[in-house]
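Both complexes below contain subunit A, partnered by subunit B and then by subunit C.
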Partner chain A sequence: MVSLNLILGAIAILCVSGFPALLFSSRSNHGQRLTTFLIAVGSVLGLSGAGLFLASGNAVSIQLRWQLPWGNFSAALDVLSVVFLSLIFIVPLLGSVYGLEYWKQSEHPENGQKLGVFFGLLAGSMALVVVARDSILFIVAWEIMALSAFFAATVEDDNCSVRQAGWVYLIATHIGTLCLFAMFILWSQFTGSFELSPVLTMSSKAAGTLFILALIGFGFKAGIMPLHVWLPGAHANAPSHVSALMSGVMLKMGIYGIVRMTQLIPVTDIWWGSVLLIIGIISGVAGIVFSISQNDIKKMLAYSSIENIGIICIALGLALLGRYQGRSDWVFLGFGGALLHVVNHGLFKSLLFFNAGTVIHVMHTRDINQMGGLAKKMPLTMILFVLGAIAICALPPMNGFMSEWLIYIGLFKTITGDAVQSLPFAALGAVALATIGSLAVAAFVKLAGAVYLGNPRNELINHAEESSPVLLVPMCICAVLCLFIGVYPLPVVNVLGGATNLWARSTEPAMSVLHIAPLQLICIIAAVLLSAIIFFLLVFRLWPGKNDIAKGTWDCGYARPTDKMQYTGSSTGDTLVKLFGFILWPVSQKPEISGAFPRRFSFKSVVNDTILDKIILPFFRFAGHYLPMVRVFQMGQTHTYVLYILIIIIVLLIVGF
Partner chain B sequence: MTNILNAILVIILVLNLFTLGTSRILTVIRIVAIQGFLLGFLPLLAHNHFSLASILIVLTTMILKAFVIPSMMSQALRDAQIKREFEPLIGILPSIILGALATVFALLFTSHIPLAQEHTGTLIVPSSIATILIGFIIVTTRFKALSQVIGYLILENGIFIFGLLLMGAMPMIVEMGVLLDLFVAIFVSCIIISKINKSFSSMDTRILSSLKE
Partner chain C sequence: MITSIIHVLLLLLMPPLLMGIINKTKAWFGGRVGASFLQPYYDIIKLMRKGMVYSTTTTWIFRIGPIVTLVALLIAGLLVPMGPFSAPVTFTGDLILFAYLFGLSRFFTTAAALDTGSAFEGMGSAREVTFACFSEPALFFVFLVLIKISGAFSLTPMLHGPMEGFSVAIAAPVVLIAIGLFIIMLAESCRIPVDDPNTHLELTMIHEVMVLDHSGPLFGVISYTAAVKLFILSTVLLHILMPFQLQSDWINWLLQIFGVMGIAVLVGVVESVMARLQMQHVPYLLVSALLFCAFGFILLVR
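Showing the complex of A and B:
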């Protein structure tokens, strides 16, 4: 009980953390420090609550009546909640500390306080979503989360593109909420109450409908591929620590919703897992391909979030197939991998967004083709970026490797075994995962090369210097956590085992992941690898007499090379963009070179979001063209509106009896 | 008692039609005042008991609906210097016919709904529905701001009649609260009407919407 009370207290503190700052002057930094302090208090309370719960291991719940006509204030803690809570209590704290320098109140007097209020509210409402066990409470918390994310992401609302991205987000999130309304209403019809407690039996039609609604409703928030349209714009236009919170944690709330719903209802059909697997493959491959094609540093990261959500969906699909087929090893590897990847992605994507923020802070642009050569000015930032990139590309010894490795093993297990229980098509997931991994490496090579390597393309870089410790410390904490999970995953994996048991409703004693995946061996190999890297690094550094000739990176034997004569981000990705042209539809403006003295030309290549530009916007344009006829009804005259009320009352009176 | 109650309710229904049948706004205000005065008796008649609370509400209702509100409205009318509703959406005769139809509809409708035993003999439900509908008709068909205020007042009268059914169940304080709301709303709109008229010289709500720019 203490643990839940601690966490509810933490939620309350997080929710109000931004408000005291409103009393301070909008030009002083004191209010912002107070906000960060409150978030720290809330996070520490929450983390200790979560720790206490894991130590005792008893499920706790609380139920209070309220004045609303439906539902109760019903909250509970279980291992599944704790996994997501851990992320919610870490990332906002780091983000808030980061914001002390990145979004200084004294430099942003017009919107700093607003950002503080909604940042805290976003963190608190996410935690409430995770502990809510009542449909009404859930949807209330969900809506607070969606709205505070909208306000936090659009703090620079004097900028047109920010406003536009905000509207797209708001529309998308509300379409999702609409599906959730339908889902919870059906839920209360099927089960007789708004209480979210597991159901043992349910007709396959009912369960299937709930699953589809959950997939669409939560899919909008998670950003799975056809529903992702809001994601790149909102992430790119938000302040970087808000992007980190949105991408690292808020997207995971969509995943949490799908996970929670599938925990509550029995898995009745095989198509559930298959659908999720296919959606995951599409999101993963398309997400990373789009990521390669972008030239906006934050859009690249945003699309890579879609890719990671795809990976999580592949793993969840595998787990659902396993639950249907009764294969506990698929369930453990799939679900364990999915949850681990949720945590991992939350950590390394926050690291990368923080990193992108510091770069943007220095360069005042998000276009990677304007950057370059930052490695020499900001070596620590560069190292942190590379660590994050290694993690996100699923390379050992970082944590991304750990989760994807579990998923790989699980997917391979679908082809071995006897014919009845094997599902060879699921192994397609492994192929997709490999494709995604290699494309991710390409994307981050492009990003690192364009931003940090080569020669500077912009004079601004002359003023660049290493980021301040306030910016570096949150990144370092993320990196250390990533490395820790990558090298010593055992404690985390044990928690995941409990969560998996809860989700799969297996009563048998927790099947240890250690039986299926040789984690200890991996730990040892990772430790050896890590020490080898450190060893060689030291040797290389301390080696006497290394030659230090300063040369431009892309000299190529030209007598007078300019800084424009080097690989840009666009040209690095060009081959892959052309290869995937059928998805990306790149629009480029190419120069025609003719004659001995060709005229001046400029080259431009843009890849827009195919789904937004080719499907959704044309649809809205069509609607905008034809639907104004309906506006006749909206005349702006009170009489007419009262008349509508009158007509409806009379119709209701007549129809009702 | 029921006979007297029904008689008063019938008078109220007839007054409703009167409000539809005249274009002189001052007359309409007077009719509404009479209606409010009659309404005051209803709580006493409907429940046959004379507690301090019920006498209090009777007095408040009468004073507010029969004297204070009408005098405020006629004051606003004088300030606005208008006498008639010149161009209603539908003419005087058609609106009387509409009102009669609404009354018939209310009576027919009431015969179809299951009522508690003690309410079957009275006209409370049909007259309240008819009054509400007529309030709606005035609000939708008259364009002078003052006429609309009157429409809302009649609408509230209908709700007041319906409230008689709940007299035992609903605390008196609720009814008092409703009266207070109504008083404040009309007070404010009367002030606004005379102020707008001074600076804008028109009371037509269709034109008033151009004020928003």
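Showing the complex of A and C:
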């Protein structure tokens, strides 16, 4: 009971954390510090509540008096909630500390306080979503979350592209919410109440409808392809610590929704898992291919979030297939891998967005082709980036490898066993995961090369300095957590075992993941890898070298290379962009060069979001062109709308009786 | 214990010999005497005793790159069994670690190349990461076939699978993945027809162009690592090409050594009779490797 009370208290503090700052002058930093302090208090309370819960291990629930019609304020805590809560209480705190330097109130008097209010509200409402056990409370929290994310992401609303990205987000999130309304209304029809408690039996039609609605409604928030259209723009245009919070945590709320809904209803059909698996493969591969094609540092990271959501969907699909087939090993590896990847992605993506923020802070641009050579000026930032990149490419010894490793073994298991129990097509998920992995290496090598390595392509870099400790510490904490999970995942994996049992509704004692997948051995290998690298570096250091010389890059003897001749981000990705042209549709303006002394020409090549540009925008343009007659009813006067409601009610009364 | 010691010794000492055999084969095809079999050892030792020239553009990534690559590949080498013997390190899921250690080495090799700020080396890294996007999924199809045959999730039983449970049903898939794996091996260790390790025309190269600026001991480490990579991949291939064993342990070790040498001769023959492909045709070759492996998988599970 205490644990839930602590967490509800934390939620309350997080929600109001931004408001006291409004009392301070908009040009002083005191208000912002107070906000950060409050978020810290809330997060510590929440984390201790989560810790208490894990120590005791009993599910707790609470019902408060609430006078709203239909709904109850019913909240509960279980292992599944705690996994997501741990992210919600860590990332906003780090983001808020980061914001102290990145978005100083004294430098942003016009919007700093607004950002503070909605940042706290976003964090608090996400935590409320996770503990809510009543449809109405859930949807209220969900809407607060969606709207505060809109306001937090569009603080720079004097900028046209920010406003546009904001509108796309708002429309997308509300189409999703519409599906959720439908889903919860059907839920109350099928179960007789708005209470979110597990149902033992349900007709396959009803359960299937709920699953599809959940997939679409929550899929918009999670950003699965092709419902991702809002994601790149919103992430790119938000302040970096808001992007970190949105990408690291808010997308996971979509995943949480799908996970929670599939926990509540029985898995009645095999197509659920297959659909999720296929969606995962599409999102994963297309997401990372789009990421390679971008030259905006934050858009690259945003598309790579879609890829990671795809990986999580592949794993969840495997778990659903396992639940249907009664294969508990698939469930454990799939679901455990999915949850671990949720946590891992929350950590390393926050790290990378914070990192991108510091680079943008220095460069005043998001175009990676303008950067280069930052490694010399910002060595610590560079090291943190490399750690984050290794983690996100799922390379050992960082945490990304751990989650993908579990998912891989689960996918491999689908081809063994007898004909009834095996599903060979699911193993194609492993091949997709391998493709995603190698494309991710391409994307992040491109990013590292263009931003940090080589020579500066821009004057500004010569004046760049190492980031301040306020920016570095949150990144360091993320990196340390990533490395910790990568080298010693056992404590985290034990928590996941409980969550998996809860989700799979298995009555058997928790199956030990260690039994299926020897994580302890992986820990040893990771340690050996790290120590061997350090050992060989020492040997190299002490190697009796003969007079080493430092000279310019050889460049095959070319005498006058310039910094513009380096391979840029676009040129690194060029071959892959061409190979995947059928997905990407790159648009380029190529000048015709003729004559012995051609004039100055400029070349331009961009990759826009295919789904937004080729499907959604034409559809809206079409609708805007052909549907204005419907606008007759939309007069912009509230009392007319009330009149419509009255008319409809009267019609319903007549028809109903 | 003795098995592990022999394994480690072979892994550490034998790789440069393969390079010597390839060069000797090519010389023989060209009607020359060629350098000694041991020439690669002499080259590496010579390089280790030299000084280095660093580019002023580079950072720690440039220095750490070859070392991380070497460590990653040596650990990967400990996971692959030789002959009918068990690998020194074997556990459920080690095949994933194997593939991702290759990924780790690729990340650092390409990052170190981009660190020099030269367009040539940028070109090499772009090609390396691009072509890996085809060879990696192909490798996982190979894994899937081996898992299906052996029912195990660890490299040692997987690679011993074709030997222990050989039947007519698995013959066709095994032949298909052997072809696919051979192409992957040529691509990953940068041999003709994907890459030409001898040319100095930078525009046409992948691996050699990435290491243009490395010199002295670091370049020695890189040459050695390339040989280790070839050795590991040919050990994997050997299991599929030669799914049988004999009674005596010593003969099995000799079989392993001569088998790997035979693959080196095969690589040398391919290099002598084929020309390097045009760069834009390399993806087609890799896609065909992917298709061979995928058809092997489909034949097996249909």
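Note that in this section the second predicted complex is superposed on the first by the 612 of 657 C-alpha atoms of A that agree within 3 Å, B and C clash if a C-alpha of one lies under 4 Å from a C-alpha of the other, contacts with A are read in each partner's own complex, and residues count from 1 in each chain.
Just so it is clear, a contact is a pair of C-beta atoms (placed from the backbone, for glycine too) under 8 Å apart; a residue touches a chain by one contact, two chains touch by 3 or more.
Since the model is a prediction, treat every value here as computed from it, not as a measurement.
By the touch criterion defined above, A:576 lies against subunit C but remains apart from subunit B after alignment on the C-alpha atoms of chain A. In the superposition on chain A, contact of A:566 is made with subunit C only, not with subunit B. One of subunit B and subunit C touches more residues of subunit A, and that partner is C.
When the two structures are aligned on the shared chain, A:270 is found in touch with neither subunit B nor subunit C. When the two complexes are overlaid on their common chain A, residue A:441 makes contact with subunit C while staying clear of subunit B.
When the two structures are aligned on the shared chain, A:627 is found in touch with neither subunit B nor subunit C.
Judged by the touch definition given at the top, the superposed model places A:646 against subunit B, while subunit C stays out of reach. By the touch criterion defined above, A:637 reaches subunit B but does not reach subunit C. No residue of subunit A is contacted both by subunit B in one complex and by subunit C in the other. Across the complex, subunit A meets subunit C through its residues 372-373, 375-376, 379, 382, 386, 389-390, 393-396, 401, 404-405, 408-409, 412-413, 415-416, 424, 427, 430-435, 437-439, 441-442, 444-446, 448-449, 453-455, 516-518, 521-522, 525, 528-529, 532-533, 536-537, 540, 543, 545-556, 561, 563, 565-567, 571-576, 579. Residues 636-640, 642-643, 645-646, 649-650, 653, 657 of subunit A are the ones that touch subunit B when the two sit in their complex. Residues 89, 105, 109, 112-113, 133, 136-137, 139-141, 143, 148, 205-206, 209 of subunit B are the ones touching subunit A in the complex. Put simply, subunit C touches subunit A in their complex at residues 48-61, 63-64, 67-68, 70-72, 74-75, 89, 91-93, 96-97, 99-101, 103-104, 106-107, 110-111, 114-123, 125-127, 129-130, 132-133, 135-137, 139-141, 143-144, 147-148, 151, 153, 202, 212-213, 216-218, 283, 294, 301.
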